[in-house]
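In what follows, subunit A forms one complex with subunit B and a second complex with subunit C.
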Partner chain A sequence: MISPKLVEVGRHNNIELITNSEVKGVDGEPGNFTVTLQNNPRYINPKKCTGCGDCAKRCPASAVNIINKGYNDRRATYIEYAQAVPLAFAIDMDACIGCGLCENVCLAKAISYSDKVKATEVTVGSMILAPGTKAYDPSQLDYLGYGKYPNVVTADGFERILSAGGPYFGHVMRPLDRQEPKSIAWLQCVGSRDTNRCGNGYCSSVCCMYATKEAMIAKEHIHGDLDCAIFNMDMRTFGKDYEKYFLRARDKAGVRFVKARVHTVTENRETGDLNVRYATDSGEMKEETFSMVVLSVGLTIPDTAVELAKRLNIDLDRYNFSKSEPFAPVETSRKGIYTCGVFQGPKDIPGSVTEACAAACLAGSELSGSRGKDIEVVQIPKQIDVTGQDPRIGVFVCNCGINIGGIVNVPAVQKYAESLPYVVFTDSNLFTCSQDTQEKIKEKIIEHKLNRVIVASCSPKTHEAMFMETLEACGLNRYLFEMANIRNQNSWIHSKSPELATQKAKDLVRMAVGRAATLYPMQEKRIPVNHRAMVIGGGIAGMNAALNLGKQNFEVVLIEKEPELGGFARKLHHTIEGGDIQEYIRKLSAEVMANDKVEVLLDTEVTGFGGYKGNFKTDVAVGKGRETRNIEHGVIVVATGAVEYKPKEYGYGESDKIITQVELGDLLEGKGAKDLETVVMIQCVGSRNESMQECSRICCQNAVKNALVIKKQNPDTQVFILYRDIRTYGLMEDYYKEARGLGVIFMRFNSDDPPEVKVEGDHISVITTDHVLQQKVEILADLLTLSAGMRPSDTKKLSGIMKLNSNQEGYYMEAHVKLRPVDMPGEGIFLCGTAHGPKLITETISQAQAAASRAVTFLAKPEIKLSAITAKVDTQHCVKCLTCLRTCPFNVPAFNTETKVIAIDEAMCHGCGACAGACPRQTIQLGFYNDEQITCKIDALLAGGM
Partner chain B sequence: MAEGAIKLGGKKKKSTIMDMVKEILPDGGNLNACLTCGACSSGCPATGLEGMDARKFLRMAALGMDEEIMKSNWPWMCTMCQRCIYVCPMKIDIPQLIFNIRSRRPRDQRPKGIVASCDMAMKGETLSAMGTSVEDFQFVVEDVLGEYQEAQPEFADMEAPIDKKGAEFFLNQNSREPVTEPDEMVPLWKILHTAGVSWTYGSKAWAAENYCLFIADTENWKKMLHQQADMVHELGCKTYLNTE
Partner chain C sequence: MRLDYPSNVKIIRVPCTGKVDVMYLLRAIQKGADGVYAVGCLEGSCHYNEGNFRARERIEYVNTLLDEIGITGGRVRMYNLSSGEGPTFAAYAKEMTEHIRKLGPNPLKHK
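Entry: the complex of A and B
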């Protein structure tokens, strides 16, 4: 999943990767920082290294493989992991014996033993600190046996055991005897929520989900039955769609979730199995034996990051996370330096990606004045016209060091290629992908007037785009290129049969030549981008998105259906940290109104919609008079928000003594808690039930927040919080602890035994079962507060007009839950705030900044190039069976009711080819992959005689 | 535990036992911080006795169920091993809670045998819960030593000194050994002899039993500790070796 991101970063023109380096100091001010770097030697020049791996194959010195947690060895000459960027090896000088073998075998001449530490400087306008996290080391917790019993592993170690690139190649085995485990126990909160043994009072936020995931994957990988038990205090599956995953693990996959904390792990010395003893909820002692125990270790800040923060004068909190304000989540204490990811606070991947975009947004708005400067612009020469020419094919066969050449007889393949139709030039290279070979290819294209190019080397997934750029750079249309993968699909898997591999390489080249002859130039349509953004929703999310776009000098139209800005937050008073929400909204809306790039339309609704990415046209009805306006804009930011659920449960509405948390917030802000003797709160009202499976994420902290206000206003008020799992994730765990410290009583109930509520005159009686004493409890309260969950705003009409997809709960869907959390599936449409899912104000702000950032990447372009790889319908032969409409995962094909034909908008088509494959009459063709271009490969294969 | 439903809520009770114990302990013993995770009960040797365990007991205290707490005999089953606080993520001082609840029970209602042992210890100057006198102890030690010096020539010059001034270690001794199993004293003598260290018993305040601690008789426990400390000082020993 992370691989394409790595490749994209590695290849990006405007990203300079400086690896193996540390920031030693920063001088200057925002807009103009001078950063001093210490570049540590890697002893292998990453510009020359092709990643072929011959050095590591020959290296005689071994070292502990740290990335695999020491479960296997690596060589002293090594690459950390298969997807690493840059894909270049390094020498671990602590392990190197100085034999010189790697220098001898390296055909790319990349080895340089004399590399030294260097000091360099870079000048930048703003900085983002993303030093990441380190898993907690449980060695000091002697009672858990890590480091003593081989089959006790940490979760990050188990992650490597599950990985195909890990020590056991993805086969789940336990370290002691490499046997498949029959049962595995996960122990949660190791190094988190513990102020006694490790001082990490916070919740690491991610362990409940990763433990569940690891259990699910382990069950998939293991043949036969595997018993998985997760020992936990609270299951914190609070993210979008996480509760559904938890339920699937529990109810479908049979993962056991045990509410208990194990005291001690002991080992059976004969079998290596592990015994755990624990007290059940009822106080009964149980003993179980597991083949393996996985410690769900928490997230910590590495010492190196703490030192970096000190050098840079960045304030840290008591757990060493970067200090931030609730309304400025990605800003550090030093102006112009931003942060994201776990260094900001414990969080998962979507949260980290969102924050990364938010940090990029703020870092960029600081520099928006100089946008377009200091970047590399690729100059593309005019295209050579090849129409009417017979194919003149050039074939470049790659040795890939010895990766291909060591198995496949490359000269024989090259000679064979010469004999194929239309081939006028052949060549072979040590590394076809190296920079100097690109220059050579260009020369040969011009010299031999080549009009089709084939590279027989590795995978088009990683290299096709680069070779296509080489073609473009000498005027050849990029779609006149074809690849034959004679490495991944040949030499690597047939290394024991060189002759057959050579034969297969010839077959693959012949197929490529067959297809190359059928290729024709295709032009990528360029469409201009309208540089105005439309933001829908004027709450905290919409206002932040609009403001940040305005600050980056883009025109914004902000639409709000209510007569004033602020959204649902107008009903809220303080964040759990104490931030004044009303004051924040006042300032924020004043800033939005004052920004001359942002036009605010209040009392306004969307009534019509058309167009496509970069060129949307939206009709809106403005103000009381419902005056219609047509707005042209390039992007959309959806920020329609959410509201508090109106409970049907627990007698809500029957008594003014039964209120919601938001109403309690008003009460505490107004007359306060001085008259209250006992307050009961019930969690998960309208969440985690049959009609709303998902967790509403914010209610636990909301209850704790209000309980703290009560206790501070009136210490004598008794507060009881009836809950299912307390989900005060991340740093909010401290507030949960504070609430307990002030005497708030937390009582857990099961969903099948919910509390009973009776209105008795002036009082409310709540009957529940205390989970510890296992006894009925009757609490006499003068106020019952329901922690009502969140519901998305009613956007049915809007979604219908703009064709925006939402999930079954009604929250809008993102393009990719992990990697693209603020992009919607349709290009040019972005998403933020509670319209995406329940979240805190702090999280909403960073997501809004993230959406603005993503929108800017679109708006900053003068025009966009549409891929030529799109589907086209032959309307003459189409029978309008609508199969394509049902097949397309992006809902692009549409039946035009006026012209009565099926239309596939090329601006919206993703080029996946699903419709072309499904069309029963073959009336849909996908550019670059039309039927002839595929069948000719099969013909060419068969022509060789199987 | 209570019959029927536990009644909670209404007006806050004046002050519960837990409130009072919290005032005595540093950081209130973290008694309020319980996550109800059960790690304490999972590792406690007294879990399940009388249907009670550490987590439940703390819970009753937190819910202000003072009457039930005072009635329960469970606190007397705690061995004060501290396995609970060792792993408790909140470092809740359950042993101290137990101790302070024991101390709140009228002395005549505490376990009879232990009370009698404490009383016996307080009677003589040896602090022996079995009432062993200075002379008896001296006789047994010398007698046993003589036997071993004779029977095992390699230990012919082994010592078991009493009131040796300026010895490095002051060793205490549970009185069960000199009274009922005198041979059991010898292995430790041998170790100390082989290690070549200088040690001594005291003729007074040598007994190691902690019965006054177990019945939470703070006053007598304090007296005992003073007598032991005085003896160590009198002999000028540097280290007090507690064998109990």
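Entry: the complex of A and C
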């Protein structure tokens, strides 16, 4: 997953990587910082090192492999992991015996024992702190036995055990006896939500998901029966599509979720098995035995980051996270210095990537005046002319660690590829996407005069562009490349039948070889980019995106369907931290209106849409008069928002004493809690059920927030919160704890036994099963508040016009959950706010900044390259029947009355191939997908018999 | 998502199901494929407006052609789903495989 990103960063011309270095001090001010660095010696010159590994092979000194949590050894001369960037070895001087062997064997003359600590300086305009996280060290929690019992491992250690590049090469084994475990227990909240033993009161946000994922992968890796149990207080699977994953783990894969916090782990000395003692809800003590115990350790801030913050004068909170304001999530206390990732607060990968883009947005916006200076321009070598040459095909088969190699017989596939027509070279790699392999592919292309390249690995969706760049970098046209997807469409799918998977891999490679022989070079056209952006939706997300684009000197048209800006947030009052939402919206909308780059169109709807990335044309109907305007723009930011679900359950609408959380917010802001005696809140209303499987993410903190307001306004009011799992993730856990401290009563119910609600005169009777007493309890409330979930705004019409894809719940889909979390699948279209999925205002703001940042990567370019995958007409054989004109969904083909032929403008052509499919004489061919290039695949597939 | 589906399904990438030519479908049957199916976007949400409707039309047409020459039972099918529906993809792959198994091998095979 991370490999293509690493490679991209490694190859990016505007990124200078300075590794093995620490920031010692920062002087100056925003726009002009001088940063003092301490460059630590690696004793191997990364510029000379080829990453061949000869030094490590010969090194006689061994050292503990820290990245594999000490489960295996490495040499003193080492590289941390196979995909590392830069791919250069280093010498661990603590382990090195100074024998000089590595210096003797290194052909690149990269070893330099005399390397010293150096001090250097760099000048920068703004800074981003992303010092990352360290997993909590559970050795101080003696009752869990970590460090004492070998089969108790941390989750990050288990992650290494699962990894193909890990100590056991991806075979799940326990450290004590290298036996496959029969059962594994995960203990949640180790080093999180624990003020008692470790002082970390916050929730680490990620452990519930990673434990579930580890259980699923462990079950996949161990092909027999593996009992997986996850001991938790609350399952916090609150992210987009996470609940579905949790349900799949529980209901399909049979992962057990046990509601308990384990208090002791002891070892059976003979077997190495572990006895896990815990109390059930009813207080009964239980003991279970497992082969292995995984501690789901939380995220902490490493000491080095705390010291860094001190040197830079950055304020930290009591848990050492960077202090930030709810409406300025990625800004630190020092101007011009931004932050992202776990240093900002506990979060998962999509959240970190989003925040990283947001930090880049703010860092870049201060420097927008000097954009384009101090950068290098990519030099692409002249293309090798392959016309008239017979195909010379090279096939590179990937093991993908053990993702492919563990199931498919890769040597057999490689051997088979050798036997196929035109194949002159084959190779296999552990990770074909790693940077060193790119170099190897380039070498082989030159050495064997390859003019067609096939990589048999994973999905072209994620990796095709990268491999195509590798071809380009050594002068081969990028369209002389083909992928055989033997992972996503094969080894992952057919992991239970390795033989069938190997056979299918051969079939897929044969099809790719058949097609590769038909490929020919194609050239990409360059077109200018319109530097105006369109933002759809004037809520917090849309306003932030528009404002940040405006601040970077790009023209923006902001469209809002309502007569005023603000969106759903106009109905909200305070964040859980106490931030005044109304005041924020007032300030934000005033700033948006005052920015001369941003044009705001209220009461406006999209009525028509056309064009393509960099050159969109959108029709809008503006104002009461529905006046039509055509707007030309280069990018789109979609920020259409969400609304509160209108409950159908628990008697909503039957009594004015049954309201939603948003309505309660209004009530507390207005007349307050002074008349309230007993308030009951019911969670997960319209979420986590059949009609909406997903968690709405915000409702738990909403309930806690309102409960706190009630308790603070009127300590005598009794507040009951009936919940399934309390999901106050991250730093919001503190508020949950505060609410319990103030006497708010939290009662858990099961989804199959929901509370019953009856309206009885002036009161509402709520009957629920108390999870401790295991008895029905009746609460007479004078107010029932339903924590109604979120629903995406109704965007059916807009989605239809603009062809935007939504998931089952109606939220817009991102191009890739982790790698491209704010890009939409269509190029030049970006996404932010609750249109993407339920989220808090703070998260919305950073996502909107992220979307603006991604949009700038488009807008900052003078021109963009168009795909060469377009339709071309063979005018010699065309009979001008005009079928293509009638077929094209975008009216691109046109009859030129002067030349009397059909012309297709390649800048307009979307490359769908509809015309090519409809042309009765087959005189239209779509590049990269012409008839021969598809039928040869059919022929090659069926030549093998099915 | 790593969802299991039968390994006899092999995917040929096209930019849109609207690109699926009658010729491709017939070619596959002629060369001995037991079944062919196209998987397009949900009806109404084709990225290219109506590519998936064109594919459906062509597939129905190909089935009538096949019926005429005695290859009956609907060996060519159209399925629709959104790119977010991995489980549905796997379910369709299974459904199609079972459907073809019931029909037995393509009578044109090895002729």
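The definition used in the following text is that the second predicted complex is superposed on the first by the 721 of 946 C-alpha atoms of A that agree within 3 Å, B and C clash if a C-alpha of one lies under 4 Å from a C-alpha of the other, contacts with A are read in each partner's own complex, and residues count from 1 in each chain.
Rule of thumb we're sticking to: a contact is a pair of C-beta atoms (placed from the backbone, for glycine too) under 8 Å apart; a residue touches a chain by one contact, two chains touch by 3 or more.
The model shown is predicted, which means the values in this text are computed figures rather than measured ones.
Of the two partner chains placed by superposition, A:M173 touches none, neither subunit B nor subunit C.
In the superposition on chain A, contact of A:E677 is made with subunit B only, not with subunit C.
In the superposition on chain A, contact of A:A253 is made with neither subunit B nor subunit C. Contacts of A:Y929 after superposition: subunit C is touched, whereas subunit B is not reached. Legend: residue contacts after superposition of the two complexes on their common chain; A:K937 is shown touching subunit C, with no touch to subunit B. Across the complex, subunit B is touched by residues 143, 189, 193-197, 233, 259-264, 277-281, 283-285, 677-678, 680, 716-718, 720, 737, 740-743, 745-746, 748, 766-767, 770-773, 775-781 of subunit A. Taken together, the subunit C residues at the contact with subunit A in this complex read 2-5, 7-8, 10-16, 18-21, 23-24, 27-28, 31-34, 44-51, 54, 58, 82-85. Within the complex, the subunit B residues that touch subunit A are 1-2, 4-12, 32-44, 47-48, 51-53, 55-56, 59-60, 62-63, 83, 85-91.
Note for the complex: subunit A touches subunit C at residues 220, 460, 485, 489-490, 492-497, 500-501, 503-504, 507-508, 511, 799-800, 803, 805-808, 813, 825-826, 869, 887, 889-890, 910-914, 916-918, 926, 929, 931, 934-935, 937-939, 941-943, 945-946.
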